[in-house]
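Following: one structure in structure tokens, then a few remarks.
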Amino acid sequence: MLVTKQQSDYAPPATEDPRMDEVARAVKRFGYQQDALIEVLHIAQRAFGYLDETLLTYIARQMKLPLGWVYGVASFYHFFSFEPPAEHNCVVCTGTACYVEGAQKILDLLEKEFGVKPGQVSADGRLSVTDFRCPGSCGQAPILVIDGELLGRETPESTIARIKQLLANDKQAKEVAP
Amino acid sequence: MSVITLTLNGEMISGLTGQTLLEVIREHGVELPTLCHLEGISERGGCRLCMVEVNGRMTAACVTKANEGMHVNTHTEKLQNYRRMILELLFAERNHVCAVCVMNGHCELQSVAAAQGMDSVRYDYLSPELPMDASHKRFVLDHNRCILCTRCLRVCDEVEGAHTWELKGRGIHSMVITDLNGPWGESPSCTSCGKCVQVCPTGALYDQGSTVAEMEKKHDFLPWILGGRGKKEWNW
Amino acid sequence: MNRSELFNMAQVEQERQAKLRFRILSCASTPCLSAGSQDVFNALQTAVTEHGLNAEVDVVASGCNGLCSHGPVVRIQTGDAPDDIYEFVTPEIARQIVARYADENGADVSEHLIPADAPFFAKQQRIVLGNSGRIDQEDIEGYIARGGYTALAHVLREMAPEQVCDAINQSGLRGRGGAGYPTGLKWQLVRKAPSNKKYVVVNCDEGDPGAYMDRTILESDPHRLLEGMAIAGYAVGADQGYIFVRGGYPGAEKRLNQLERVIRMAEKHGLLGGRVMDSNFSFRIDIRLGAGAFVCGEETALMLSIMGKRAQPVPRPPYPAQRGLWGAPTLLNNVETFANIVPIILNGADWYANIGTEKSKGTKVFALAGKVVNGGLIEVPMGMTLREIIYDIGGGIRDGHEFKAAQTGGPSGGCIPAQHLDSPVDYESMKALGSIMGSGGLIVLDDTSCMVDVARFFMEFCVDESCGKCVPCRVGTMQMLRQLEKICNGSATMQDLEILEELCEMVRETSLCGLGQSAPNPVLSTLRHFRDEYEAHILERRCPAGVCKMDQVPVMELAEELPRRMRSASGQKEVA
Amino acid sequence: MMAKKKEANTKIRLATAWLGGCSGCHMSFLDLDEQLLDLFAAADLVYSPIADIKEFPPNVDVTLVEGAVANVDHLELAQQIRANSKIVVSFGDCAVTGNVTSLRNRLGVDDLLTAVYHEGPGNLPRGGEVDKVMPALLPKVLPLHQVIPVDATIPGCPPDPERIWTAVSALLAGKEATLPEKMRMFG
């Protein structure tokens, strides 16, 4: 039988990556229901850190959805990212309470110190800055989340100090390692 | 289907249950401007040009079912003013430079603006930096002229059945894309049927090689196909 | 689990707790975590072990006590005496607290003890938050010991579905998501909609940037939500519920796992799932994740998101009560609304209808934040004045500044100035003042805030959150933002203000969904109450609060300004 | 003698100005051909790029402005025009919409100058062009009505003579220059 290229392409591509298996298991767990796309994307992003073309193609084929559909949904929601994450991530809450308490000053100083605006990654790929609304800790505003750690009542200076410390620790660790 | 009676601009008119207000209004010879609406594909209700006042409240005629006893006004001063404002917003959103556009003279946005008396744009032109995609061997996509009406998405999904087109992002950053945001020419799902190009109201989609004012579009094929397939007029 | 098993379980847990010397509830909700409450919790556990009290003392990670600005907060329950609540607890203080309760001669920790009559607590009426901070975040026993699931038991045995809808209707409860639609009416609509399949959805996406009521209720007292949803399911004839909850925010994963465990726990005890409490009623609850889109506050967008699609609202009608999820009639309420159901059933519709004002019944939870002394999660009867909320509960403005405005309703709401501080807080009064009740964000602004800048902040948010489907919202918000930016940087003229006002009206009237229709509200309300600030920016070229940079000039003045700028730039170069 | 002077005084004082545009609108204006005779029977041309008049005169009745506002000279002239004209008409798409002139708006002024004067053929030494050689460029090219109030518009790139005549003859007759739908199209 003649198998055209298109047909063979449409099967989910074979993969050795165990993280892909995790995604495949998730699709299966949701009974291949197409309406679970957002759940599957959450799981995929957790496993890979971001959503690249291979991964999105894999999901589309597993769930039998048009490619554009998957991309359209993933790009609609701010949580999903198509770029690899930086080594360190500093999330600054820009919700109303944090804004009122000076979150913009934190962002301004971050840009001045590290040259990174919200949504950007530093040139060396080590630090990304994200703005986010909101983790729901308004009583402790302004709020930061540095590498997953939730921090309240921060100032521009304390933020810079924390990040410098973080970057310096890496350097030390690298110097010790070899 | 039963007959319903409603008031259109002070006159009693009749329509059928299930019809949209837009259908009823146009049947009675009152012209409403539209951009995202296209007969033969689903309604979107996005461009808001067909806004009318129903019992004093504004609603888009294309997505509102005609109901018994509705009082509909289509051309109040406020509505006319809002329509011009919406057109100004569209012209300010992207880089609509009619003079150097392939669709100059045939463009729906251009002619709706002229018809509605939109003589200038008071808002800041946003002048976004937008790419063009000329990777397809037959067609070109120019985001500068796109008004995000999504006719291309709908015709591709509903008539051609390929679902090549999608929207990416949201809000002011929305863009039409093919598949995973790759070059159109490399789209694995595109059948190059060209329906999207023909239904596009502006110069966002056009034939390779056309130059200023050369591109014209025809969407007569839609009722033809939809009558044949959808309404099962082709019985062989 | 049937009715008698439920009561038995409650009794066992009550007796167990009664035998303890004391219980320590350490707040583990997000604000306290950001203040370091995990370390406090660890210190408490270690200290209890060191005192050899493991068998006699509970150390529990609890939900929110409300006083988030003073976190970490620790609550001590000692028998029948009123609870002691400690603020600003550090690991060291935590050890001292344990020592104090273990042995009367321990160090004095009263400095951190909040007086029992502190107005922050005394002026509140905690119904929705009744269990919050008083029970373990997860364990079902604690909830059942406080009467949990008896409302569901009662409903299933004693009430017909219509009676439940009627009771909710009689209570006068209105939707707490913002618009204030009568909850009972909505339930009746779904109940009457003809369909074999119906759904109950709770919106816990909470996109308002500055509000965290819903997440906190979900964290602090999750079983109450499940019970409320099950009652709703029974009343409207649905067998499937969805909790639409935000994923992806920092700490979300832990919360989601917790919620998942809570649902499984309720299923394990037969309080959810097939044949609930041995009745003929079945009700499953699943979690669906949001991924960061404020527009999901619009019900049609929310349902699209649950169905895994781009959350672009579709025109109504049809309303979700007619055609919702997968075309089936769907009941959609927010967390706080569902959290009100259990107390209404337990105490009766009349009891509830006696709280609040004529048209706004019951209590409202607010996330009080901004420039107040006491920020946090509060619950007050409807009709309390803003002044009482801000000055009595909130303790007034910090650092000797002047109150300027209260922002309610987030990006869809508005700002209420000082002259209206004595207005009662209810749906109608807020609307009359040009704001909305909203879901409960309440941000207090002082004289260091520029109201034009606040309007600009919210418009930036709306631009970011517009789904892009309809032109007025997609481009109109962007153009409004442009005008506001011009006002804030000094380049605006009075004509720009006119353009802005005209756009506000157009976007409000022609947008497809609630997001666009309400996007101009922050501008309209600040224009209404603080027009002088707008005019100072434009006519006098100054920002009265000193927030805006004002470093640009109107186009007309560029003829002089541009050559000057260029000369100074090239002059600097020559010097360098 | 007296009669002749009086007659001259009753003529409409017409001006045309050329800001940031290609002069195509003026070419189209000249294409009015024999209608020009009718026009100048009723109007005096008191300022125009096609007439050698240095200063924009006072008390102008109608001024047709071609081109968008791209630099400070345009800005100053636009202000002079407004101050000295009863009726100001945006003449052609550049004045009405910014059109081709505004295509540069996607670039920053510095990048634009670099691209044109330094990266293009025949490199010039850097510096000086900003305020010695050429007038300072505005950050964005603007349509005329975003700089001064405008009373009427004649769209088109260029507007064809028919449109120009329809608008101008209406203005000369003291009527509003409202164009019919077909003549309102941009482009």
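General observations
Letters A, B, C and D mark the chains in the order given here, with residues in each chain numbered from 1 onward.
FYI, contacts are C-beta pairs under 8 Å (C-beta built on N, C-alpha and C of every residue); 3 or more make two chains touch, one makes a residue touch a chain.
Note that the structure is predicted; figures quoted are calculated from it, not measured.
Of the two chain pairs examined here, A-C and A-B, it is A-C that is joined by more C-beta pairs in contact. In whole angstrom, the spacing between the mean C-alpha positions of chain A and chain C is 25.
Separating the centre of chain A from that of chain B, both taken as means of CA atoms, is a distance of 35 Å. For the pair chain C and chain D, the distance between mean C-alpha positions equals 57 Å.
Averaged Cα coordinates give chain A a centre that lies 52 Å from the centre of chain D. For chain B, the set of residues that touch two or more other chains comprises 122, 124, 167, 169-170. Within chain A, contacts with two or more other chains are made by residues 72, 76. For chain C, the set of residues touching two or more other chains reads 293, 310, 312, 467. Touching pairs of chains, sorted by label, consist of A-B, A-C, B-C, B-D, C-D. Chain B makes touch with chain D in their complex at residues 91, 95, 97-101, 104-105, 110-111, 113-115, 117, 119-122, 124-125, 127-129, 213.
Of all the residues in chain B, the ones that touch chain C in their complex are 44-48, 51, 58-60, 63-65, 82, 85-86, 89-90, 92-93, 122-124, 126, 147-148, 167, 169-174.
Of all the residues in chain C, the ones that touch chain D in their complex are 555-556, 558-559, 562-563, 566-567, 570.
Of all residues in chain B, only 162-170, 177-182, 188-189 touch chain A in the complex they form.
Within the complex, the chain C residues that touch chain A are 30-31, 33-35, 67-71, 206-207, 209-212, 215-216, 247-251, 253, 288-293, 305-312, 367, 369-371, 375-377, 407, 410, 441, 443, 445, 449, 457-458, 461, 467.
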